[in-house]
């Protein structure tokens, strides 16, 4: 059975599938939060979700609008102070997966959430790095979820907010960073993984109906493909049902508040 | 009315009197604890007592045998972790008075609680510094309470565990220490304060019945006296009553446990 | 030792022109009522420090209270950017606004160091990124045991810290619960502090032996402002008004709508206007 | 992810010959039962780390389990010195014991740095004193902003940490209450950890939103040992047995009385012997 679904739903579901039941996941607001909670509500019921507001092991029934919604604290195992969160939990190396998004990404999965244009004279001033610069180096690995377009998938970032694979190859190791960095990039069109040698983000799976031409049209650099490129399995009925129920609950809760 | 009292009672009561109602006092076990709680139970009901085990604003009804007795936590405003105690509360400069004792003291009120004899080949190995090295520099001022004898009041310490006035004069300032250091030394015989210039601990008050000859006999260096030396007012009936009741409660509680 | 004051008196005592001020709150317990009083008192040339400046700092900046913003994430969470902050940084309206930008880890560590009385914080951060190129307050330090290069940032020691909390007791102790953010650190790191509270109780009663409490002798002023964190929330009292946050985007987009809104909702009102948000939640719960 | 094991299995998994082991507890929640199991398993050449080594470490040292002691205050609180530690350091009986001595502030900061994944801690300490002359692990570092000289010590990262706590839930999370010491830091800083608990509950139920909890995924082994902190205490369960501490002074003074006591009370007994102390307190409360 095939069902209708949006590219954003495909992206969220593909990202959710990448999470494992024994992961400890540092979650950002927005799409990462939707994907992480979808994973928890489907195949990864024991996944530990952590938000930088200090909530450890939180199990929200609706998606938070902000990183510190009451729902996150009320359903958490416990809540620690923000200095403790960044010292003991993030820097302490206790997180297996950090989930990031961004306004710009380059082919080595470095991210920009700071500024479009020059730093001193920005065309668009973005919110800034928040937790990302340290999430990017302290988590075991990084999953990135981003809507793909030429504007966001750029040959060169205007500003490096958080480190991906740097200039590629062993650049992280040369910076004395031992964590794996971005191991998965999930977009509304495809799934990327780093090439084992160059560390360039490489297409490993394309979502149903997406063509190589369309992919390239939405990417600011010449794309590389893995030797074998899979087709992403479409969302299952159950995945869509759980995701849509989650989003409907969320919409109701936010409207009521 | 005069009452019988022991030199230790006089010492404890004289030390208690030095504490003010608005002090925030970092309390060590033993005589400092007795003096601090006596102050709280008499003229300084609002004094804030802090023990290094993390208890803030504790109001024990009996004296603790250890620095972390349950009584301290159960009667505290709250209890913080030990790293937080030493970082936010002691180093943070939030304590007005630190209360120390020691096995040896010199004329500049440097203290030794580490070792008698050489460090590598001790005659007596003492428990060590504990919190004292940082209490001595981070508190607004330091009160010291010690039984006086030639063995403990020595010309030269075997080991400097915590800083008093160093080599005297402006030595603390030369070490970039801005707190006042030992401002009062209370013994079973007398009360000492630092000379304003040399910072040598100087007799300012002698307990009733104590002679200068007896004082010097119990001191390992030639004593200096302030221009005017007072006689310490003897314990009042109320002071003795409260102190003895506290110690009786304490003895009963520790025997029962 | 903390003193109970009216909000106007408390803000007057706590915040002075030219101060470095931290009004903290990590989504939770944001001191909106106190911030509005700062606006009404027309404070000027403030350096505003906060990890997550959102609507409240947009309002302060738009009303011309600030000359500098120190932050690690500036936005309307889940909604968008801060139009007033942008107008100030890009167009100097109503006054130029300098920025000093950090990461969350840097600011959290810097508050921690401030509370701990240290001049700087060390952490493992800013590796392979551009912020150190534009922020001279990000430096390096070498571990004397391993030789590892670590990052150092100056401690945050504000002139004034303002936070909101659930409860004060009669003795002036303050209890916080839930998402604690860096509020305790901000108060301990600051020279002067103001805590607005939902309620004042005789005593806190039964509680965790490790409750997050600011003792009276660490707090400057306390003002009783029920609902004072609205439109953010106070765990146990009222929920976040997400609609307010969403509506803000349109209000703040243009100078005129912004000024009209501020006049009607801040300049011509007082802290008592916040009480209704606390009461509504209470009624809803009944 | 934490596993529920018998105490013998848990100690076997956690502690190996030659390990650096931190059995923490600041007067409260000292893991006596687990330490006795380490003695029964005849572990050797341990480096024992603890801020306040007291009777338990006296017992471990006297039974020849240790080759080094890292500490900041070693004694029988309110009673006197540790005779077995002294016999080992001064006479090498039953084995020589090296010492590395710190201040409380240094060790508390070093545990904190260990939990935070840093190689060292910085603080303002050891000013004008002699310990830096005898401990090469006390070094200096300069603040890159103010030029102030600060003190650095290496982070404590033990091979194994052992602590006692009030409760675990079925999922393997651990709740601590009361005097927390550096227990949470010790577990987070260690490669392997063991927590003995007074009771295992279905879930923790209503609690402070900021309760001190070690999540299951940060804990190695959990063993259910009621009374396992005796003769220290567990807040909410039983009180400290001050008489035991006082009696220890005479027991430990001579090698013969010490060995006889250890044989009768440790070697020939098991963790179930601790349960009576928890039960007595329960009866007394009824």
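Going in written order, the chains are labelled A, B, C and D, and every chain counts its residues from 1.
As a convention for this text, a contact is a pair of C-beta atoms (placed from the backbone, for glycine too) under 8 Å apart; a residue touches a chain by one contact, two chains touch by 3 or more.
These numbers were taken from a predicted model, which means no experiment stands behind them.
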Chain labels contacting subunit A and also subunit C: D
Approximate Å spacing (C-alpha centroids) for the pair subunit A, subunit B: 57
Distance between the centres, which are taken as Cα means, of subunit D and subunit C, whole angstrom: 39
Contacts with two or more other chains, residues of subunit B listed in rising order: 73-74, 79-80, 87, 91, 138
Residues within subunit C bordering two or more other chains: 112, 116-118, 123-124, 148, 178, 180, 185, 209-212, 235
Category of the chain touch graph - line, ring, star, complete, other: other
Touching chain combinations (by label order): A-C, A-D, B-C, B-D, C-D
Residues of subunit D defined as touching subunit C within the complex: 116-120, 122-124, 137, 139-141, 143-146, 148, 150, 152, 154, 177-178, 180, 207-212, 235
Subunit B residues touching subunit C - in the complex, by the definition given at the top: 22, 24, 48, 56-57, 73-74, 76-80, 87-88, 91-94, 138
List of subunit D residues in touch with subunit B within their complex: 26-28, 51-52, 71-75, 77-79, 81, 86, 89-90, 101, 103-105, 108-109, 111-112, 123-131, 134, 148-149, 178-182, 184-185, 212, 233, 235, 239-243, 245
Touching residues (chain side subunit C, partner subunit B) in the complex: 1, 112, 115-118, 173, 185, 188, 209-213, 215, 217-218
Residue numbers on subunit B that touch subunit D, as the complex places them: 29-30, 52-55, 64-70, 72-74, 79-83, 85-87, 90-91, 110, 114, 119-120, 122, 125-134, 137-138, 159-163, 166, 171-172, 175-177, 254-255, 257
